[in-house]
Amino acid sequence: MNGVSPPPIPPEPPPLAETIAYVRGLGKPTAAEVLRAARDAGRVALQPRCGVGSHSQMTTLLRDLERHARPDILTLTIDSHTRLRRFDNARAVLLRNPAELNGYPLVTHGWPRGRELNEAVSVPLEVRHGSPDARRLFETSVASGITSFEGGGISYNLPYSKAVPLSESLAAWRDVDALCGELAERGLTIDRELFGTLTAVLVPPSISLAISVLEAVASTREGVRCVSVAYPQGGHFEQDVAALRAIPVLAARYLPEEVEVHAVLHEFMGLFPKERSHAEDLILYGALLARLGGATKLITKTYLEAYGIPDTRANIDGLLLASRANSPLLDFISFDEDRVGAELEWVLEEVAEIVEPVLEAPDLYEGIESAFERGRLDIPFSASRYARSAIIPRRAPDGAIRYLESGALPFSERTLRRNRESLADRGDPSDMGAMVKGLTSDINHFLNIFGEGAGAPTRPDPEVVEQYRHT
Amino acid sequence: MRNEPVTRTVILGMAASDAHVVANQLIAHSLRSQGFHVVNLGACTSIAEFATAYDEHPDAEAVIIGSLNGHAYEDLQDLPAARADGLLGCPVILGGNLSVGSNKEAVDDERFHALGVEMILSDPELLPATLDGFRSPSARPAEVR
Amino acid sequence: MNGVSPPPIPPEPPPLAETIAYVRGLGKPTAAEVLRAARDAGRVALQPRCGVGSHSQMTTLLRDLERHARPDILTLTIDSHTRLRRFDNARAVLLRNPAELNGYPLVTHGWPRGRELNEAVSVPLEVRHGSPDARRLFETSVASGITSFEGGGISYNLPYSKAVPLSESLAAWRDVDALCGELAERGLTIDRELFGTLTAVLVPPSISLAISVLEAVASTREGVRCVSVAYPQGGHFEQDVAALRAIPVLAARYLPEEVEVHAVLHEFMGLFPKERSHAEDLILYGALLARLGGATKLITKTYLEAYGIPDTRANIDGLLLASRANSPLLDFISFDEDRVGAELEWVLEEVAEIVEPVLEAPDLYEGIESAFERGRLDIPFSASRYARSAIIPRRAPDGAIRYLESGALPFSERTLRRNRESLADRGDPSDMGAMVKGLTSDINHFLNIFGEGAGAPTRPDPEVVEQYRHT
Amino acid sequence: MRNEPVTRTVILGMAASDAHVVANQLIAHSLRSQGFHVVNLGACTSIAEFATAYDEHPDAEAVIIGSLNGHAYEDLQDLPAARADGLLGCPVILGGNLSVGSNKEAVDDERFHALGVEMILSDPELLPATLDGFRSPSARPAEVR
């Protein structure tokens, strides 16, 4: 195997028993074990996103990240052809020029290479992707001995594809969850991270949490034992702390007691500032939020976020900067607990109003599907036709994310009034031009704070990328 | 020569493997608020889908394709054939983040022109002016290519 | 001029009028202007320590630091031969191997080269040294057009030399201050930073502040118009915030109104942790302290502090990490204001008890000298015979620095009791063995927090130094 | 051969350009608490000062020089002459941070031995054992050099 061109036919997965024995013999903890240890130690586990097309370069990337930044978990970020089951395209690009892939095509490389990657580093791996139907990928991932898998039937459909009916993605993910359940019964816990980040841009916390609750209920019913609920930093400190603190409360309320639930923070997932110093301010801010909000794990960003897939060096620097948040010297920090308390109350109320009608449905999957059909479940900026995207989020003057329009979400009058009041100055939503302008400005939130122009030079100043190599 | 349509139509969408729709939706809203009829095909739109839409809207002034995930080149592989078969008779405009990686020095606009892209834009605010440009006789599709 | 070997005889300084005109024509702000602008903007100005022997390498160093880390002020750190007027030794090493000098021998290189350095960068320079008698150095510094000069007759004597009587150093610094006064009258303000850091290790805040008050009173009486009072981070958050906040209060109390006074924080000046991640935690902590304590300026450290003079890269990284503290995203941070308030009250009381008797002396300089003679002024760990060093500082269980022994300091019964009580568990100071052990553990404070062994591998893991170059 | 002194004396100090005294004072305290008579010359001690002290304390078992500021080599330039002139008849022990810079790969102990330093130590806790070692006949100064 030359490690460059993919095997012509990805090999069949081995029997589950062989895989379970393989994981046991790997000599490294599972992702679930790492998460539990981090929580017990009161520190935030750190994990980068990382994925390149070439197998040998992926190996080097993982090794370099481990060696220089000591993350707690490493990632295989999967390319977007594979996500959409465009396996032939993935293979074509891999053969033409692996550097043109925006992730690692694990299915195309096949599980024996997945195991090579697993063996190349001492920390567990997670597969992060965005596949409405991830069965092939999950099979390969399990066969590779990878103990953490991201996604869900809602959260990996609506933001990632246009025309996959929810019934299909929910069914595909039910299979994934059921296989997790089987593995759990046979003694291997797969950490299932739910992609509460959704479309990442101006996602109201209660939407993120509500979708995660539904996916968590669905997956634990299939036997999943370790659930990581990911929440995307929105940018308002107290609102974000409240959202992170809501996760254990929601777990206690809606999930079986024996399931382990971890709060995961995704460092700001919206439009990132371009200047390195600004991006780093945001990275550190996110990391501090993870600590102060009590997250078990943090997924980091890099100062190249606004430009493209980061190089190894930027990824290392992002991890190292974020790791400052685990400093033992920051216990002096306190913050506005009253405001956090109020936000927590509100977000729990909104989540309850969204999820409880759905959880009452006789069949959860059908309940979800029909709720989306009727707009009683919804997400903003959906890529998919199967969500109405009637929700229009806006930032209140203090930066908190509220609902300007909540479409057909089953909100109480109190909730509606609260949202309306906090956006009182945001103008008439029916004035389309003004609305797009305001929305754009809210999307540019951090660019505005840093005084960066909203214009988007898609080619970075080469100095930004290279500056450190000249010293 | 047919008369100028009263409403100007454009076809908009993201490239075949690309799920990013925030810019896409904002561009649609913004062109609409400027009076355009926008046929927005949204995320993950194959060349075949663009061709079908063009077939339904032969008055479209342009097909505007966004790509952010870095896969623009692979995602447009079917474009030359579609153009050769006359399935896309209007200019194709491409914009977004067109290559994988953070160092964009290597991005080669020529590659995209060779596939049949008339124009690469970075700032969506330039779209109306660009569309106006394409309407002036000297810049009609045939001449442009 | 080849820029390598020093000129055989350092040239005579030009007339003051020429120098003043030169500074005006330089096209850069003075240090005082930069400080004022930072304070007005509510941000902390950043400044590294930096100094190497070779002129051409010094030029490169300043340029690299400016280009990659955009500090607000740059430094010429002077070598320790020059500090002690061992100019011949400085010249000998410079000729043999400039890399063996622990700073830039400005007197030996001479003021024309000082001007070259000044012109090489766009921010003002400060000369940082440690000279009991700095007259020669100050002359060269002024002639170089350098607008900030560190030191004082007490703070640059007792920690830096063994056998220079205070009367001598006080007189020498009175000359320096008087020249500042003359320059100020002629329109050129020299920022005079007072080295409240003293011996850096376990310095009780009230000692640091008291010495600075006395030096500030002395220098402003000679006409100094811009005083930077440096305070060394001690390691206890609320105590350190209180000390920084005490500076404007003390200025209002003891200094003429028209003098500009800035609080400057020196990032932790004691024994630094060795591991890069630990050192960086401490660097960030210091930077946050500067912001939260309202310092105008921060002098940064590097992750190589425990090992030796840092290379350029480490210095840049230290500045960039510290600059995160100026992030607009950290307004959410609050802390224990009550405790800060209590510490502030105490430290002001202690400072008053120390300085007021001295300020009442008919001649301030004689008053200082005789107070040190009688131990009514004192510092711990004095290098000089001219302080008794009867003070023994210790850390209270919470890490705050208190007086285990205050020697002959004129403390009130209340102050003595407060210190005694907070160190109640610190054992019998007359048990020498136990005392040295306890003191050592207090010196190793941050090493203990990070679980680093107190053993001192003076040669760093080459990986620590090189690791970033391999990626 | 004279008798062993009842109290063991050592001479301690920092090198000529070096003002760091924290370790110096702790070492002095610690040796004293272990029964040594420590003549501590403190900061910035020239070779001439060490020689004078040795003249006053010819029973000293060693001269212990600390250097942290990186100037050890330059600061000991007068040592060979002093030893040649018989002004320092006991072993010289050197410790601390002996070169400028953070990369200590280049530190060359030989350079210091050539100047007349018998022993380079990093951990001050090893001082008593080292002093004991020097007293055993096979390790007396004359033989050591």
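Should a chain be cited, it is by its letter among A, B, C and D, assigned in written order, with residues numbered from 1 in that chain.
To be clear about the criterion, contacts are C-beta pairs under 8 Å (C-beta built on N, C-alpha and C of every residue); 3 or more make two chains touch, one makes a residue touch a chain.
Just so it is clear, the structure is predicted and the values come from calculations on it, not from any experiment.
Asks: Quick one: which chains contact chain A and chain C both?
Replies: Touching chain A and chain C alike: no chains returned.
Asks: Using mean CA coordinates as chain centres, what's the chain A-chain B distance in Å?
Replies: For chain A versus chain B, the centre distance works out to 30 Å.
Asks: With centres defined as the mean C-alpha position, give me the chain B-chain C separation in Å.
Replies: Here the centre of chain C sits 61 Å away from the centre of chain B.
Asks: When the C-alpha atoms of chain B and chain D are each averaged to a single point, how far apart are the two points in Å?
Replies: 80
Asks: Mark out which residues of chain C touch at least two other chains, giving numbers and ranges.
Replies: Not one residue in chain C touches at least two other chains.
Asks: Give me the residue numbers in chain B that touch at least two other chains, ranges are fine.
Replies: Residues: none.
Asks: Can you identify all of the chain pairs that touch?
Replies: Pairs satisfying the touch definition: A-B, A-C, C-D.
Asks: Can you check the complex and tell me which residues of chain C touch chain A?
Replies: For chain C paired with chain A, touching residues are 64, 68, 237-238, 277, 280-282, 284-285, 288, 312-313, 316, 320-321, 323-324, 327-330, 332-336, 449-450, 467-468, 470-471.
Asks: Considering only the defined contacts, which chain C positions touch chain D in the complex?
Replies: Touching chain D from chain C are residues 80-81, 83-84, 86, 89, 92-93, 99-102, 130, 159-163, 199, 201, 304, 307-311, 314, 381-385, 389, 432-433, 435-436, 439-440, 443, 455-460, 462, 465.
Asks: Considering the complex alone, what residue numbers of chain D touch chain C?
Replies: Residues 16-22, 25-26, 29-30, 32-33, 42-45, 69-71, 73-74, 77, 96-105, 107, 122-123.
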